[in-house]
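For reference, the structure I am asking about is given below.
Going in written order, the chains are labelled A, B, C and D, and every chain counts its residues from 1.
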Amino acid sequence: MPRTGVFVCWCGSNIGGVIDCPETAAAASGFPGVAFSTDYKYMCSEPGQNMVIQAIREHRLDRAVVASCSPRLHEETFRKTLVRAGLNPYMLEMANIREHCTWVHGADIQQARIKAVDLVRRAVAKANRLEPLFESEISVTRRCLVIGGGVAGIQAALDVADAGHEVILVEREPTIGGNMVKLDKTFPTLDCSACISTPKMVAAATHPNIKLYTYAEIEKLAGYVGNFEVTIRQKARYVDHEKCTGCGTCWEKCPTRVPSEFDAGIGQRTAIYIPFPQAVPNKPVIDREHCRYFATGKCEICAKLCPTGAVDYGQEDLVLTEKVGAVVAATGFGLFDWSRVYGEYGYGQYPDVVTGMQFERLVNAAGPTGGKLLRPSDGATPRTVVFIKCVGSRDEAKGRRYCSRICCMYTAKHALQVLEKVPGASVFVFYMDVRTAGKGYEEFYQRAVNNGTVYVRGRVSKIYQDGERLVVRGVDTLLGRPVEVDADMVVLATAVEPGSGAAETARILGINTDQDGFFQEAHPKLRPVETHTRGVFLAGACQAPKDIPDTVAQASGAAAKVAGLLSSKWLSTNPMIATVNEALCTGCFLCVPVCSYRALEPKKITERLPGHPPREREVAGVNTGLCQGCGACNVACRAGAIEVRGFTNEQLLAEVDALCQ
Amino acid sequence: MSARVISRDRISGFLDCILRKYPLVAPVEEDGVVAYRRVAAAREVALDAGLSDVPPKTHFFPQTEVLFHYSNLSGLEIVEPAGAPETVLFGVRPCDLRGFAALDPVFGGRFKDVYYRDKREKTTVVGLSCTSVLPTCFCRAYGSSPVDGTGADLMFTRLGERYLVEVRTPKGARLVEDCADFFTEDGVREAAREKEVLARELDGRFVRRVDLDSVKEKVDGMFESPYWGKLAQRCLGCGICTFLCPTCHCFDIVDEDRGDRTGCRLRCWDSCMFTDFTLHTSGHNPRATKTERVRNRFLHKLKYHLDRYGLAGCVGCGRCVAKCPVNIDITRVIAEIKEVD
Amino acid sequence: MLVSRLLEYVGLEPGRFEMRWISASEGGKVAETVREMTERIRKLGPNRKMRDER
Amino acid sequence: MKQAVEELRRQAAGLLKEERVKCVIGWTQGTDVARAVPFFATSVRQAARLTWTPFCVNNLSKYLLNHRYDNTPLAVVVKGCDSRGINRLVQDRQFVRERVVVLGLPCGGMLDREKVLRVVDPGAALQEVEDRGSEYMLRTDKGEYGFEKREALLSKCLECEHNIPVVSDLMIGPQVPSPAGSGIDRFAGVRELETRDPAVRSTFWDRHFARCLRCYACRNVCPACNCKECSFEQAVPGWQQGACWLSKRNHPGQNYLFHLIRMFHVAGRCIDCGECARVCPVNIPLRELYRKVMKDAEELFAMKTPGTDPEEVPLLSTYRTDDPEEFS
């Protein structure tokens, strides 16, 4: 017979202010298996924990129910308490009578009291059937994979590398740097983006602990926390980077011109190219799709001119594998393609309606105009510039329902840049709200206003071309009247969205995406850089729209998590995972495809049954490193051979039974 | 032994007369299946349905029987079910009467089973002769016959449009007295003669010739015979033969706990054909394979019951022969046993 | 779908069984679904099928 | 059918003689005229006792499980409906296809034993059966009897889907026409019940399940029931029963649950051989229960009768993104 102790916590007035905790404890004392029950103001406090320990010793309790807050908060705390009392940490069951009871039923005290007792009864029923569980250890490969070489990836890679672990940094573009390096200035300090990011790029490329793969993509991630094996496809560059010196002859002489991705389509590049002059690595790749040689079989100018003979049209994709213990996803963001849906803004047909990113390139000293603000259509200096915010953000009908978080600030920055570059210019900003939560942000916005930016609250209903000018027609909702501005240029603050290929990356990594397609963190508040797949962490805008300070902070956070994980050669595994009763397993293996963590695989056993000679057969085996204890296999197992430890059929049914009494 | 005659059209009146005084259990037909149930009116009784599919042992030894309810809320309390009322069990065929005889020493011998004994003592058993012989019948092999009333308190034998009613025990006599209006003593003598003729006539209709001679001696030495293994190959291990057998009596005791310190203890039929029949707590099972289980069943029918009680463990009702999905036929087994070296 | 059809086939009232796909982040939907379901079941009264008369 | 019987015996004898198999699982004459019995021929002499009559109802594929963990090479004789059981076991990885020689018999339908015994003396000896397409001619030592198929076949045969085995290594005997009646709705029984009033349907199943003896013959005869231990046989507290899931108690509610649990267990896997309904000693129309799911799955998910295709994945273990759904 179990000897269960029940400890009802008041949580100050959180619980104690709604229900009568001593009464709940008294009710619990009548439940089967309960040998002791009590209540206390703060069970998680030092004296509270000591009380639990003392009760366990005095009343020879062999398991405990703590009725308090969410196990998310204090399960670990009380597990440790049990260990201090000499019990197995898994002999604990929590009843959440705060979030699940007093917080939500505070208005109906009678019902809350009944529910609290029900929840405790459930917990006792399960506790009575708990069994000690034991952690086991797996070895850890002390290397880290960082996917994405933007500022998040670079920061995470540098931090992990500085902690003394090897890092594999994989970037799909020909250069690292990501979106940040395309920007001109950064808010709220207006320091030069390239000036602060290119040194980081170089630091990453030259760090002895960082192995850099650019123009490469991950294809597969096998294994489990501490023991991943990643398959990387190094795309063919058609340039041997061992031989190439980055002298630049090839891209200077290449006859082909195509729009530059780096310049957001407003500048041009050659077919053999580096994305921008400070690219890392500073060596070119050939864009096979546009290369004249690949299209016609003729040209070969670059090959002929290359002083080191580095151009190699016969190069093929290279597939290689690396072993790592942890993964950081830092795949960044993409921008909402407004031209598909915003007919009122001209579907992208007016060249002087540009996106914020295009504007960045237009004002960038390293951009196609050398930093002079010239409008794309005729190269004239725009005197009146209109900014439209929330293009695709906060727009459930046409775009995305969330706020992209960075647009208010960069639009203020752009406004200041126009005012600075074009003396006497008029700048209008059409906005829904101005959101400036961040250190120095509000002050920055005020600066834009004080310097003469006209903020018009309201949406733009139409933009049309009238001669050389664009007519922006909108409404000022504060004044309640229509507004019409004749503009030389319109800049749209397009929404931040998941990067292209985010869904595929999530699939490869075995992590979830949220409803908007961003990677899902394990807990929005308490585990913001972790995923539900152990050993895979998140950094930057792949998780949600973020500005640079937040991105860098999260990247460092992820790096700290990785460094913590890799700090030991051994890792203890969660014992609350699937277990196969081999005697019951029929070996149908329907569980194998069900497991998203690929934790189940056939395993040979020799079985001895009375009346039969020993026989060999295959059953399902659980890889304790991979299994996350999700229970999908448990459901798929027809023979009832798979159970999740800590959540066995018996325990769960006992809980249901207890709740239905 | 006294006797009466009842005309066929008065039977339902007689049954309703019983119903006014006692609960009545009688064969009932539902979706082509005949079984014994408590009835509320005479018209429910399937008088001419022949041998029931489920034997009437269900009355004395129900498939599930609550032994007691318990509650441990404030000290242990046990509530036993109320005793059985005086009941009439009507329409029991001769083979099933023999079946009761085979069960009696099990539940009322060295170990007195109050649940069984209580119902047995308070029940008046009314036998009913068979009017036909099924292809699977072989009660003759066990010295019974389609009109044999052994074991009945009152035996009804159908003779055309009337029944000969033999009063075989004081219980039977009381039932006749209770409903005396329905019976007459006229024609009893002729009816008794007619019954003898009928007995001879029915005796000639048996298809299965089953000769039990020397079978017991043979099986005494057959425990290790490979024959059982061969026989078991096709056995599916279902419980049809044992559940439909009028003499099978294995049961299992189960506690159903509600999880709130109350519950009940019950016994349920068990079957030696089931894999967990003799499974020990240790995980060991002395009858681990079908071979041992099939052997156990046939040795029980042909040997153990005889050894223990001097009574055959089979009454020749033929239900297992008719219903076995894979045609394991005890009459064939008996024949084959003789052939085994 | 198979389950609800089958349960109706074996004699359960329609509406006694319902399956919804609700993500862990959709707390409001859980509450709403449970509320609706509870009201519906209250109207139907206690289930007579598969009762366990222990 | 004489030709098929002879060929069957010859092939079986050949397989045993060449030691390609240790045992041929087939049928032999049962203990009365209208009965066949599963038979395990292990020698050439025994092969001569194999038979093929319109009474060979047993689905022998289940017997492969007797040998699921040894290496005995086996041969098994199957009718069309039984052959789906072979695919069932192979898909469930309970048997390696290569280990069994499947002897397929084109089947003209199985006769209803009860109907035959109404006419033929059960003690008669069956000498020869002739399949004349629309009728069977039984020759016995007590005379000849003709049975019109439309009248005397089992109902499952009149709804036959595959009278030629869907899987076999060796087809035995001549092709015969399918006994399926033309224009017959395979799910007529289910549809009929569906149209009834819910209350009627409810009492219909109540009545049937209340009668259940829990003898588990339906489970034991079923090739889709191939778990090592059944959840209904857990006497040990700690499994479902430990949590009072399903009791041993024979009680209408518990019986109901038993049948529904089993039903879900074989949902999308039941091969519709009809053995469960045949063996039920208390006439529960189990086939109409399992076929309800089969019918819905066919309508909703275009599921073929399970076991038809050796490569299929059981319905409840797979999904397509365009599957219809009702929940929001």
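One rule holds in what follows: a contact is a pair of C-beta atoms (placed from the backbone, for glycine too) under 8 Å apart; a residue touches a chain by one contact, two chains touch by 3 or more.
Model, not experiment: these values are computed from the prediction.
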Central chain of the complex, centres being mean CA coordinates: C
Pair of chains joined by more contacts [C-beta pairs], B-D or C-D: B-D
CA centroid of chain A to CA centroid of chain C, Å: 36
Where chain B and chain D are represented by their mean Cα positions, the distance between them in whole Å: 31
Where chain A and chain D are represented by their mean Cα positions, the distance between them in whole Å: 53
Shared interface positions of chain B, touching two or more other chains: 256, 258-259
Shared interface positions of chain C, touching two or more other chains: 54
Where chain D touches two or more other chains at once, by residue number: 229, 244, 247, 251
In the complex, chain A residues that touch chain B: 32, 125, 609-612, 654, 657-658, 661
Residue ranges of chain B in contact with chain A within the complex: 258-261, 284-285, 288-289, 291-292
Complex interface listing, chain D residues touching chain C: 190, 193-194, 198-199, 201-206, 244, 247, 251, 253-254, 256-257, 260, 263-264, 267, 289, 292-293, 296-297, 300, 324-328
Of chain B, residues touching chain D in the complex: 30-33, 35, 53-54, 63-64, 135, 207, 230, 233-234, 236-240, 243-244, 252, 254, 256-259, 266, 268-269, 271, 274-276, 279, 281, 321, 323, 325-327, 329, 331-332
Of chain D, residues touching chain A in the complex: 69-70, 92-94, 226-229, 231, 238-240, 242-245, 265, 314, 317
